[in-house]
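Both complexes below contain chain A, partnered by chain B and then by chain C.
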Partner chain A sequence: MSRRTIEIALVVVGLALCTLAYLGKKNVQGWHSGFEFSPTTSQIVIGLIGLSLVWILVRTLQDKAVGRRTVFLYVGIAIALPLFMSIDQDIVISENTRHVYESLGELPPGSKVLVSFDYDPASSPELQPMAEAFLAECFRRDLKVIMVALWAPGAIQANIALDTVRARLGLDTTELVYGEDYCNLGYQAGREFVIQRMGTSFEAMFGTDVRGTPYRQIPLVRNVRNFSDINYAFNISAGFPGTVEWVQVAVSRFGLKLGAGNTAVQAPQVYPYLRAGQLQGLLAGINGAAEFEKLIGLKAVATTYMLAQTFAHLIVIAFIIIGNIAYFRGERETKLRGRTQ
Partner chain B sequence: MDHLGLWLAGLLTLGIYSFLYRDNPWYKVSEAIFVGVSAGYWVVYEYWQNFVGKFWDQKGDQPWLWIGAALGLMMLMRLIPKIGWISRWPLSFIIGATSGLWLMLYLTTNCIAQVEATIFPLFGADFDASAIAIFSNFVLVAGTICGVVYFFFSKAHTGAFGATARVGIWTIMITFGAMFALTIMNRMSLLIGRTSFIFGEWLGLLR
Partner chain C sequence: MRRTVPLLITGIVGVVFVVSYFIPHKPFSNLNDWFSDWFSIVAACAIVLGSLNLILISSQKVARRKEDWGYAVVIIVCFLITVIAGIAGGRGYQNTGTAFEWLYRYLYVSLSSTMYAILAFYVASASYRAFRARNIEATMLLVAAFLVMLGRVPIGDVITQFLPEGARISDFQQWIMDFPQTAGQRAIMIGIALGLTSTSLRVILGIERSHLGGGD
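After this line comes the complex of A and B, so read on.
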């Protein structure tokens, strides 16, 4: 059989298995309701992966280095299998995450919290769990949430987060009233200039909310003129405009009390603001979201993702070590060959 | 329709990741669809959100919006080389406004506040800092000074000065390493998101 035939056969088998799994879904034909490895099975799987890594190390020492596809396969396995495992991972709470939680704790019920959704679906695996956990905690503490967006898809992300939180906390429209407990002022174009203008007038920037209701007719924001009427702000950001701009304009110029949730890539950019006291806490990446979920006692998406994240990191570290061993062995052999010639 | 959407999303996700094996037609189709749909989505979104939502529907109440529209139109003159110079006017407006806003803000936020945050008692306000805190304070101050020394190019990096600069470059390299690690973390999170979609929402295998 040619290689091409094998590849096509593998794709066909893969698609057949996908069809089988899909048909067996609860809401399709209903053969299964998902799978979960028991703790013992999970430990056996981990042990087998560990043993296979040792085997790869031995092969590397025997000058039989593995190809890049094997590395990709291992990363894939490391990410997929933990999603099925029922192992509880210990999540250590960092100071930065604790500060966000404590900032919310200091606010009396009824305080106004401004949340800016400055990200798009591309960054949602990291930032959406943060948004959901943060909103859930605000509603639990009876804080009033005003949502805005400096990124066009941010307003939609805000609505998705709200629907999830509402379902998770089991709140209906009478318990969580739009316009009184929360409102979504939507997206405004203008990047950092929007923040600057909000410093003097919210209404000038957000004449209506996402539903088209005029600003003055929304009870929650009727008396909110500018940042001085906001008790705490939280920025969920994936880039520009984002936390850096909120710190530079809203914090530096208008003295807003600000916390932030950032993607892991962006976090190092805002660390200096934490030490300088310009930021009141930071949730960094999926790790930050999982820490916050633990603090508020809500086991959700980020906590589930953390095990996969840890496994992926361990696999990457293992391959870095194996790769370095292969490299230094290659170097040594080149030197020895040079000497004999 | 839900089924079709889920299958499309699932197959296109697998198509994009199939590039890890090697370049193939499935990947090329998925990539072309992704680029086309992204461009189309943004055009429609910007049109309805920005042009219609923020200008067309509000131009009656806020006549000054016409000034912004005119500047926007002038920017498009770049597309006609003969009158391309007109775009310099809105560009100069943008650069002027941005410089005006950032000049003081950048100085106070990124310069003065950061210098202030680096000047602190190494052993704590009342010599009450823990051993770890004192160690980290010394690392921070030494790292900052050595890092700054590395960027001082008016003097040859030799002798004690060169040694300090070498510590500086090590500090910078360690920082870049940490930043790269966080980048890996970010990419892994995205991969976890897609994997969770494939096994959870699409195939329903996750409980």
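After this line comes the complex of A and C, so read on.
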């Protein structure tokens, strides 16, 4: 089989996996009944994948190391197939996630919560479930949500999250009123300077909301001058400007009570602020989102994605082990050859 | 003059921001607000300037039939379609149901997520080929990575459920994140902060002028 044929075959397999993932996503969101592997079939599939990994290990021991395309294929399988599996995982709640949940619990109904959507679609598979779960909990507790964005796509991400939450909770426009229960002030250019200016005047930075309504005509924010009128803030961030800037400006300078939701890659950067008590909790990656979903009693996208995350981690670990076995075997043979010569 | 005025602006704005942090009262607080507003205005103008620059460069590429000029056509067409859809939507162009929102939700979100998702494949492949226990340090890194990867997913606790609470993989993972990782992050942050402070001082005092272009 020529290399070109193999590549075309891999592309076809990749497309098939994408289709499976898409159908799986539709299934998660309840758009159609879809199909799901039974627990037995799921276990058989997992067993087959495990056996094939053992086979790869044996091949590696025979000095026939697999190429990167095989690794790609396994990662694709690890992410796509779990979307069809009906395996319940016991998600352990971390302290950081619990702090976010408890911070919301301490707020009396009617409190104002500022949510900053500082991410773009690239990070939305990880952060959007977080945003949806957080907004759902805010509305369930009758907290008033003011949304802003320091990233240009953030304003629409907020609208998308709202649509999903509204559909999930079955709330129409009379039960969740724009301008009274929530509002979207949109995007403002200026990065951390926006946060700094919000410390003295929200209106100076957000003259109108995303609908073009003047700030003073929105009942929810009419009396909100600056951070002192906000009871709790939550920053959903994928980079700069994000949680670090919110802590450095809004928390340390204006005393804002802040929680955060970050991508798994970015989360380690904010741990010093967590340990220092400047952050009131952190949802770290899809894992944090799944933990929050469990706390609020909602089995949504993040919980389903966690199975794919588990599989992906296991596959990566398996390949690292196989790679190291190949490495040590190669080293040993080199040494033996040296001794013989 | 071309250098003196920007240096003066930089110096004055820098001093005002530093002083207003420690003395948040008039006149520094007012000046701080004023400069912050100006920063947002300049940042908004920069977005327009960047967009125009993108179109200009792409148009030149097409006009001169440079290598891969076809991609430049795609950029121009997509840019124009998005701008027209945005303008047609009026003030509420980002609201659900508008053409702009449709383009964003069904094209941009999918394409952008796909591009980022490809990272997973490269990370896995790179780990397979390069993550080796060559020495003590690399082995420690490898063990920490295993513990964090397993501890961040439920299977970690399933594997170690025979152990008492507090001694399972998720607990080790949390310990690694809370202490060695945080200590490392703090060291990096302090280093960056010191570097930023010295560079900022050099910029404010006009010693560092490379941001004006053309060196000294």
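We take it that the second predicted complex is superposed on the first by the 308 of 341 C-alpha atoms of A that agree within 3 Å, B and C clash if a C-alpha of one lies under 4 Å from a C-alpha of the other, contacts with A are read in each partner's own complex, and residues count from 1 in each chain.
Just so it is clear, a residue touches a chain if its C-beta (ideal position, glycine included) is under 8 Å from a C-beta of that chain, and two chains touch if they have at least 3 such contacts.
Please read all numbers here as calculations on a predicted model, not as lab measurements.
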item: Fit or clash between chain C and chain B when superposed on chain A; value: clash
item: First, second, both or neither for A:275, with chain B first and chain C second; value: both
item: Partner chain in contact with A:319 - chain B first, chain C second, else both or neither; value: second
item: Which of chain B and chain C A:163 touches, first, second, both or neither; value: second
item: Touching partner for A:201 - first (chain B), second (chain C), both, neither; value: second
item: Which of chain B and chain C A:102 touches, first, second, both or neither; value: neither
item: Chain B/chain C common contact set on chain A; value: 72, 75-76, 79, 122, 124-125, 152-153, 188-189, 193, 196, 253, 264, 268, 272, 275, 285, 287, 309, 312-313, 316
item: Contact footprint of chain B on chain A as seen in their complex; value: 11, 18, 21-22, 24-28, 32-36, 69, 72, 75-76, 79-80, 83-84, 122, 124-126, 152-153, 187-189, 192-193, 196, 207, 247-249, 251-253, 263-265, 267-268, 272-273, 275-278, 284-287, 301, 304-305, 308-309, 312-313, 316
item: Residue ranges of chain C in contact with chain A within the complex; value: 21, 29, 32-33, 36-37, 39-40, 43-44, 46-47, 90-92, 94-96, 101, 104-105, 108-110, 112-113, 115-117, 120-121, 123-125, 127-129, 131-134, 142, 145-146, 149-150, 152-155, 157-158, 170, 174, 177-178, 181-182, 185-186, 189
item: Touch list for chain A against partner chain C, complex; value: 68, 71-72, 74-76, 79, 89-92, 94-95, 120-125, 152-153, 155-156, 159-160, 163, 186, 188-191, 193-194, 196-197, 200-201, 204-205, 208, 210-212, 253, 264, 268-269, 271-272, 274-275, 285, 287, 306, 309-310, 312-317, 319-320, 322-324, 327-328
item: Interface residues, chain B side, partner chain A - complex; value: 3, 6-7, 10, 20-21, 26, 45-46, 49-50, 54, 58, 61, 97, 101-102, 105-106, 108-110, 113-114, 116-117, 175, 178-179, 182-186, 188-196, 199-200, 202-207
